[in-house]
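This is the structure, below, for whatever I ask next.
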Amino acid sequence: MADPASTPPTQSISRFSVPDLATLPDDIRARIQEVQDKAGFVPNMFLVLARRPDEFRAFFAYHDALMLKDGGLTKGEREMIVVATSGANQCHYCVIVHGAILRIYEKRPLIADQIAVNHRKADLTPRQHAMLGFAMKVALRSAEIEDADFARLREHGFSDEDAWDIAAIAAFFAMSNRIANTASMRPNDEFYLMGRLPRKSGA
Amino acid sequence: MADPASTPPTQSISRFSVPDLATLPDDIRARIQEVQDKAGFVPNMFLVLARRPDEFRAFFAYHDALMLKDGGLTKGEREMIVVATSGANQCHYCVIVHGAILRIYEKRPLIADQIAVNHRKADLTPRQHAMLGFAMKVALRSAEIEDADFARLREHGFSDEDAWDIAAIAAFFAMSNRIANTASMRPNDEFYLMGRLPRKSGA
Amino acid sequence: MADPASTPPTQSISRFSVPDLATLPDDIRARIQEVQDKAGFVPNMFLVLARRPDEFRAFFAYHDALMLKDGGLTKGEREMIVVATSGANQCHYCVIVHGAILRIYEKRPLIADQIAVNHRKADLTPRQHAMLGFAMKVALRSAEIEDADFARLREHGFSDEDAWDIAAIAAFFAMSNRIANTASMRPNDEFYLMGRLPRKSGA
Amino acid sequence: MADPASTPPTQSISRFSVPDLATLPDDIRARIQEVQDKAGFVPNMFLVLARRPDEFRAFFAYHDALMLKDGGLTKGEREMIVVATSGANQCHYCVIVHGAILRIYEKRPLIADQIAVNHRKADLTPRQHAMLGFAMKVALRSAEIEDADFARLREHGFSDEDAWDIAAIAAFFAMSNRIANTASMRPNDEFYLMGRLPRKSGA
Amino acid sequence: MADPASTPPTQSISRFSVPDLATLPDDIRARIQEVQDKAGFVPNMFLVLARRPDEFRAFFAYHDALMLKDGGLTKGEREMIVVATSGANQCHYCVIVHGAILRIYEKRPLIADQIAVNHRKADLTPRQHAMLGFAMKVALRSAEIEDADFARLREHGFSDEDAWDIAAIAAFFAMSNRIANTASMRPNDEFYLMGRLPRKSGA
Amino acid sequence: MADPASTPPTQSISRFSVPDLATLPDDIRARIQEVQDKAGFVPNMFLVLARRPDEFRAFFAYHDALMLKDGGLTKGEREMIVVATSGANQCHYCVIVHGAILRIYEKRPLIADQIAVNHRKADLTPRQHAMLGFAMKVALRSAEIEDADFARLREHGFSDEDAWDIAAIAAFFAMSNRIANTASMRPNDEFYLMGRLPRKSGA
């Protein structure tokens, strides 16, 4: 898949039609080319969302603001939130794709599967367990969030900025999971194995 | 509240600190000034989200792309989706604020309360009932969405673009509801009464 | 609607036929006339239940015994219980009608909407929050009520008589909500706006 | 227990204090004497509710209006509704007491246990299964009741009056179950065995 | 029913065909004869499972290993776990059959009905309530079991071996309930009354 | 790990103590040696269950009777049932271990993750989707199984024996999942990667 613009859009990656990349606005195509150059392939979500350029731009701007910023949570911890809440929402696309990213960030090949099935049994620190407990409450019962939930986060050293980050990531993927589930979005086959094998020296 | 920049940030509109508007980036402040000029006051969500300028920009870009665009759904119908799903998520802020907007768009003072409590009993067309049935499934059980759900939409004349719109709005407010619930965001008092009184002639 | 006996029974206020008031027993008609004289219109529930005079009599006798009596709960607090539990049961009729009554008793135009959507976010005292927490458990998970629930009420100064009142009101509206939902009972349009506007001096 | 007025009120039949019968209003005491004369003992609910004479009167007036009236449902079928919905609400008092009454009315010693555990597996006619299906929806998901539910009843020969009866009984015991659960009301030991033994000839 | 081998297999005890006992392997027939000799009739589960001899053998070997062994739980307490969890799973067969066995072991005619409807209201010791609380969590929310659940058991004097027993019994009947529910397995009429009558002296 | 008898029992594979293999009955040790010889390591469940030899024997006899027998379901299809229902029960051990076995049987590296997250989105035939729909109903709502569920299976060519197999496997793993969740059983690291890589020729 050397050139994303020639990627054959297939029905099977989405219930909705996938646009011909050649017809897309330049900035969208540039963003897709960039991820293609970096990853060696184009994650299907880029192709599926591209049919709505304005939504595409807002989605990735939001994603990057939450997932790539500095702060009290590591990038791996942010992905833990995605995998745990996407598992609860049964989002096939997000569990597979963000499971891969989590394995790579953490360099731990088992952690994503553990979190996706039952985060309570995963090999995590007490602080990370508290983080995921809060994230799951935001994902599943946000109307019941109360001051005691914030107090518990503080006991584990999380600041108010961290609490916002956890909640905002869980909320953003509440959206993303629902879009992917509705579109029946299919993860690229490449993601399933990514980060499961020991990295060769020098890699 | 003549000048939003001098609005006293109060703890009570959010669990999180609210920034001094004077310190905000120019584009954020301009957007807030614009809504202040139009509505006569600043909806609290603008103040609460402003502490995170990048998220603020992505949030409203996404919102506008979904809620203000042309398409098969009227603006009022888009707000119906917001009110129904926000009711299911028990989001105080979104039910009150978007209930007001819905009343204004539809010029029907009763419709928002009906939809917020039980959309099945609301005075809606069969087509609008089908729209809300789909939206609620996206909001509450998106993993179970199946081809038959799309077929039912088509029977009511919805195109694939309309289906995407319904799902994307329900998904976006799945996010918005969770942020507002976590922040314990408080709607401005002005919204509760808005659109409930008969408009004077010429208004 | 000057004379309730001439009110045209319309199909739309109930799934069931509504009786001609002229044919009703005298005591039922008198009660309906009384509420008409006081409120200026007849709340639809009176018309819908009148088809079953014995049930009508028992229903309103029970209602009055619980809602109009003296005791540790104010009349406004009793209506808070109705609005919170009716919201949880998605009872269109009871949320709208008792929301109006609550606004009038409390002279607070915002409180009913707040409680209907998510009582945890409403502007209430800690004692009132404890009251609604207990009422919601009676409404939704009464099999799990345990001694600790009563102890919590006592911490907030509620007596055993108050606890009975809270439970009995939540239980009575568990019944009322189910009848209204089954009949698809429609609240009179008048209720939606009632108690939302500032009272004029002298009113 | 020859004289109900001398029955020792014991804490164990209710979380709430039970009144000394000698202090009760005459009509309440007469009603209790009547049931004592007929059954040979006083069902505990009479003693527990007697602490609130007005509620006692309304409760039993409502009960009798629904359970003892003529109509399309037999008395046994009315009790089936009580047992099925009380099982779903895990109401210890109502399952045991109305299970006994159901066995006696139907002269079938097994039917109550079958309905209490899983009405779908009980030895019932298709018409009775349809009746209980509707009653359970009223008890558990009344907000979702729709015209199709009534159509299904009609297919089995139920009139609109029958539909009201089914719904009103399910609704009344939604109330009764919640009161009994909150009070932790205890059924008299006599009820457990009642109707389980073959009736002697001439009985 | 003097000879189990001549028992007429009837469709009504199971959705699946029931084998002719004469055709069964000798060890299966011997086991069935043994229970017939002891109980005076053959519990239907033996007939229903006999169509799969290997599963029959494993099922009863597992059952006996859990229910008949010595240990910190009495045989009656083991049956309490069965009745409570089978009630939660709405298993008609297991509630009726193991309710009978529980009454016999405990020589208490009321206890099974109490536990089946709502174990929280049953006449049990605090230790037995803790046992059933743990068993119900294993039955209904086993993914949430945590160290604190074991600590609570220890406070009531349960060893780790007891904890295993409680969990293993709840788990075994999670299986048994699902098989019986799928087969629509019918309990023998004899079980309903068993253990409800006072034992005659010398019995 | 050449000799299972010398495997260091570690606390981390179970909340319960793990026995010294040297002390186990000969048949248990032989079975463990056999799986060690075949797989190259001992799956932890063998070690965790070995503390109860009688339960160990019954568990694996039952397992083998259901999973290794001939019949209308392939061995891979049987494992699909395990993975789907274990995902719903959030059983970390069973999803990882049986996911590996499923990949190996089916020679399809992606299928287990797809089924574990949301079986509705997995690459399966309509017949396999019907099989998993029935299995999930047995796992999650077995009290609601009705004749229509069997009719649907028959439309896809499943015999009554197949229906029993599907139900029995879902039921057996309802048990297994609860034991593994309670014991906090940990899958061996080897399972996570198994069956994900293309097999070398001659392997």
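We just call them A, B, C, D, E and F in the order they show up, numbering each chain from 1.
Basically, contacts are C-beta pairs under 8 Å (C-beta built on N, C-alpha and C of every residue); 3 or more make two chains touch, one makes a residue touch a chain.
Quick caveat, the model's predicted, so the values are computed rather than measured.
Engineer: Which contact partners do subunit D and subunit E have in common?
Structural biologist: C, F
Engineer: Could you check which of A-E, B-F or A-F has the same interface as D-E, with more than half of the contact pairs identical by residue number?
Structural biologist: Matching more than half of the contact pairs of D-E: A-F.
Engineer: Specify, for the interface formed by the sequence copies subunit C and subunit D, whether it is same or different in terms of residue numbers shared by both sides, with half as the dividing line.
Structural biologist: Copies use mostly the same positions to touch.
Engineer: With chain centres defined as mean CA positions, report which chain is farthest from subunit A.
Structural biologist: The chain farthest from subunit A, judged by C-alpha centres, is D.
Engineer: How big is the gap, in whole Å, between where the Cα atoms of subunit E centre and where those of subunit F centre?
Structural biologist: So the centre of subunit E lies 25 Å away from the centre of subunit F.
Engineer: Would you kindly tell me how far, in whole Å, the mean C-alpha position of subunit E lies from that of subunit B?
Structural biologist: 53
Engineer: Nearest whole angstrom, what separates the Cα centre of subunit D from the Cα centre of subunit F?
Structural biologist: Result: the chain centres lie 46 Å from each other.
Engineer: Could you state the distance in Å from the CA-based centre of subunit B to that of subunit C?
Structural biologist: Chain centres of subunit B and subunit C, defined by C-alpha means, are spaced 29 Å apart.
Engineer: Subunit F: which residues touch two or more other chains?
Structural biologist: In subunit F, the residues touching two or more other chains are 90-91, 118, 143, 181, 184.
Engineer: Draw the chains as points, connect those that touch, then say whether the picture is a line, ring, star, complete or other.
Structural biologist: Basically it's none of the tidy shapes, so other.
Engineer: Please list each pair of chains that are touching.
Structural biologist: Those chain pairs satisfying the definition are A-B, A-C, A-E, A-F, B-C, B-D, B-F, C-D, C-E, D-E, D-F, E-F.
Engineer: Okay, in this complex, where on subunit B does subunit A touch?
Structural biologist: 15-17, 51-52, 54-55, 57-59, 61-62, 65-66, 69, 89-91, 138-139, 142-143, 145, 147, 150, 160, 163-164, 167-168, 170-172, 174-179, 181-184
Engineer: Under the stated contact criterion, what part of subunit A meets subunit F in this complex?
Structural biologist: 87, 90-92, 95-96, 109-110, 113-114, 116-118, 121, 181, 184, 186, 189, 192-193, 196-197
Engineer: Hey, which residues of subunit C end up touching subunit A in the complex?
Structural biologist: It comes out as residues 118, 120.
Engineer: Considering only the defined contacts, which subunit A positions touch subunit C in the complex?
Structural biologist: Listed in rising order, the residues of subunit A that touch subunit C are 143-144, 146.
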